[in-house]
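Letters A, B and C mark the chains as written, and numbering starts fresh at 1 in each.
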Amino acid sequence: MPHVPRHFLSTLDWSRADLQRILDDARALKKRPHTGDLSGKGIALVFFNPSLRTRTSFELGAHHLGMKAIVLEPGKGAWPIEFDDDGVMDGEPEEHIREVARVLSRYVDAIAVRAFPKFQDWQVDRQDKVIEAFARFATVPVINMETITHPCQELALMLALQDRLVTTDRKKFVLTWTYHPKPLNTAVANSGLVIAAKFGFDVTLLCPTKDYVLDERYMKAAERFCQDNGAKLTMSHDIESAYDGADVVYAKSWGALPFFGRWADEKPIRDAHKHFIVDEAKMNRTNNGLFSHCLPVRRGVKVTSGVLDSPRSVHIDEAENRLHVQKALMRQLIS
Amino acid sequence: MPHVPRHFLSTLDWSRADLQRILDDARALKKRPHTGDLSGKGIALVFFNPSLRTRTSFELGAHHLGMKAIVLEPGKGAWPIEFDDDGVMDGEPEEHIREVARVLSRYVDAIAVRAFPKFQDWQVDRQDKVIEAFARFATVPVINMETITHPCQELALMLALQDRLVTTDRKKFVLTWTYHPKPLNTAVANSGLVIAAKFGFDVTLLCPTKDYVLDERYMKAAERFCQDNGAKLTMSHDIESAYDGADVVYAKSWGALPFFGRWADEKPIRDAHKHFIVDEAKMNRTNNGLFSHCLPVRRGVKVTSGVLDSPRSVHIDEAENRLHVQKALMRQLIS
Amino acid sequence: MPHVPRHFLSTLDWSRADLQRILDDARALKKRPHTGDLSGKGIALVFFNPSLRTRTSFELGAHHLGMKAIVLEPGKGAWPIEFDDDGVMDGEPEEHIREVARVLSRYVDAIAVRAFPKFQDWQVDRQDKVIEAFARFATVPVINMETITHPCQELALMLALQDRLVTTDRKKFVLTWTYHPKPLNTAVANSGLVIAAKFGFDVTLLCPTKDYVLDERYMKAAERFCQDNGAKLTMSHDIESAYDGADVVYAKSWGALPFFGRWADEKPIRDAHKHFIVDEAKMNRTNNGLFSHCLPVRRGVKVTSGVLDSPRSVHIDEAENRLHVQKALMRQLIS
């Protein structure tokens, strides 16, 4: 068994070959779902934010492998947690991440964490403190269920695309920003960008203005992965040329990084770009392209029902694949 | 295996013979609870309203059959959902029922839904939009865990009555309205009425005034079932004659349909009928009748402790039976 | 099998030998976690207050034994419950404990309950009405998951201490009050006091003033247990002499009983005793003593990080042991 990282915090430090092995196992699990080979093992699912698919797919996937998943919601059914290491806990949190991570590591064989950014200061959010603290103090593998990236979604997307494309190398992948009434997390956008680049696509990032370009950590990683694969990364604000000849259109809305903490100033820009909605006319410019979105998706706002309900949309497959890839991931990480 | 409906939304479209087969299997499961024959299967329990018995009995029942139940609470731990098909989702819901139902259908083998009416407009509530939307878009069986009827409760009640009566045909079943400080759902009243009629009882609906008569959909169905069985359906506002000779008294409080959305106007009527409480004096008029109630029940308000704690009350049996009938139902619907 | 109490509400009515048998089984389960010998059984975990470790360890422990645990949160996902026996339920609760306990007893093989005091009137709280009502009406064993004592925590502590000490008899156990910004439950303090006394320790209760002495029910029980074991119980307000030669320091914060319902008056006293924090200087006075705390613990407030992160702190072991002792307890109580 080749060396793989101990945790699954992001795909940045996982090789394409290691990720492909997980995708291959996921494909096998799709056919033969019940292995029971992690019988008696446990996983804690720690949700700082709500979830439908993630919780369902992890709970069910754990059950298929013979495991028990425990759902924890700090601040709701459980105590608020302190992540800073400053020594005197006289605020709200009753418990330090050191204790939480160490105790959970005694009970279970993996800890999965969902912790969205606070949307006030991207310089703080980009440190991804919550999951990094879990990874530091846990003695079992830590899995990212969406923080500032969403690596499980990346695997699900890539499995869906591989199932429909002969190859991903040098195909055209367009990551398009879309309108949404609220400024959303950049996590899936960061993830879509880097995983497409890692798997050999020519990647186009289509967004309203330069303010919507993603964090340089992910932009530079995507550029490096594209270079490694002999592919190219393009940034564009022009809808027509971006869609032209696309093999895949991946849609997501996100808030512009320079506007963190002053969202009222961003609103007029966002409102001025409702025409970024994915519709049949735009899809007609593509190379009979596939469409996907990570869900939840607002019909008629981010994408038309016509596109979503067409046979070229793989968003339901992508959602289903969460189950398969996460099972493969647990099998990879938990011994 | 004879044809049965794909979903279990209401008993209206299920034949007495099909329902009896579920009751017989429930009786067998009561003796031999652990079959494991749905091993590896999953069910999503979608709660838009709180639950004690329903969740416990479904989770436990699924476990007995080898299944995994996933509890989802949209609007709490999960996203709010859009049920209308109007195209542009620019309100609160982040997700359309199309996506929710289709994705859940990929993960699990059945979807059970609890969605109470909104109590503002009965013409809207009686369309039962939430569960009907699940049934329309899901590709797996959908089970009603209480909406505007409560068919699982019907099966539990009928199992309890069959265990205590030699026959249900032409026995006298009284469905009595009782006082409760709030205007409650008519679901269990609708259900009690139609299931008693379907199983051959002479059915008396006892309520304060004609405003408390149930929706014509259920009144007419009960009338039709009674006719088919050579039995009779009676509507009464007279407590004494209604109780006289009753073999079963089933109590429930509900809000009057004409007062939906203007409950302050209904309050004086309700308040004037606190004497509808089921007590020992009334039960003494019956034919040594059985008593039941679906729970939760307010002691001293809907029924006296004397009646509830007597050996003629089968409400705890009825509650226990939820476990058995739901297991039989899952075995019937899930292949 | 010798006679043991039917419920596990407190350790007061359990003999040291009976408790030791549970500890011995817990130690065996630590090595061989998956017995599956309660396969098909169920347990309801009823939480009136939040939980991290308790829920995780019970859910996981039940799974290890082959059981299914159902989590219920009355007032959140379930109905509010009436505990008084006054006959007319015209307030908030929709359901009486008689029904809840009897129905749950039909579904599951044990009921575990967490119900904290209300902190308004200790004379009311000390009656422990909620769990006592469950015990009265349930027909299956009832387990205390923390009310005004925390007996599962007692077992976890004692297992951790036995794993590190040659004997507990006549060793010096110091239960020290510590500062916390809020007035907390006396449950773990009561529990620490009586279990140390029952297992033969010389017990010192160290607290700021006589107002912080624990309820006489637990003080007198500890005195009796100490007498039975030829050990002694000491009450002290002097930090230095209390720590001198201690073999175990167990820390906990709690609110003073005479101030229930008027906590603003207690605050100045509490605030004046922040120096009760467990630190390295104090621990240096001990006989190379072990330290523990039940969690959650505020670092730098109740105890320094230096003490918590030292090899003499067994708080993580104690937390882990919750899993093992509760499994042993379920095996003891559930047939």
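By definition in this document, a contact is a pair of C-beta atoms (placed from the backbone, for glycine too) under 8 Å apart; a residue touches a chain by one contact, two chains touch by 3 or more.
What you see is a predicted model; the values in this text were computed from it and never measured.
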| item | value |
| --- | --- |
| Interface residue overlap between copies chain A and chain B, same or different (over half shared) | different |
| Angle of the C-alpha superposing rotation, chain B to chain C, to the nearest 5 degrees | 120 |
| Centroid distance [mean C-alpha coordinates] between chain B and chain A, Å | 41 |
| Per-residue overlap in chain C, given as positions that touch at least 2 other chains | none |
| Sites on chain B touched by chain C in the complex | 33-34, 47, 50-53, 55-57, 59-60, 63-64, 73, 181, 295-301, 305, 308-309, 315-316, 319-320, 323 |
| Touch list for chain C against partner chain B, complex | 39-40, 42, 44, 68, 70, 72, 74, 76-79, 82, 87-90, 93-96, 98-100, 102-104, 106-108 |
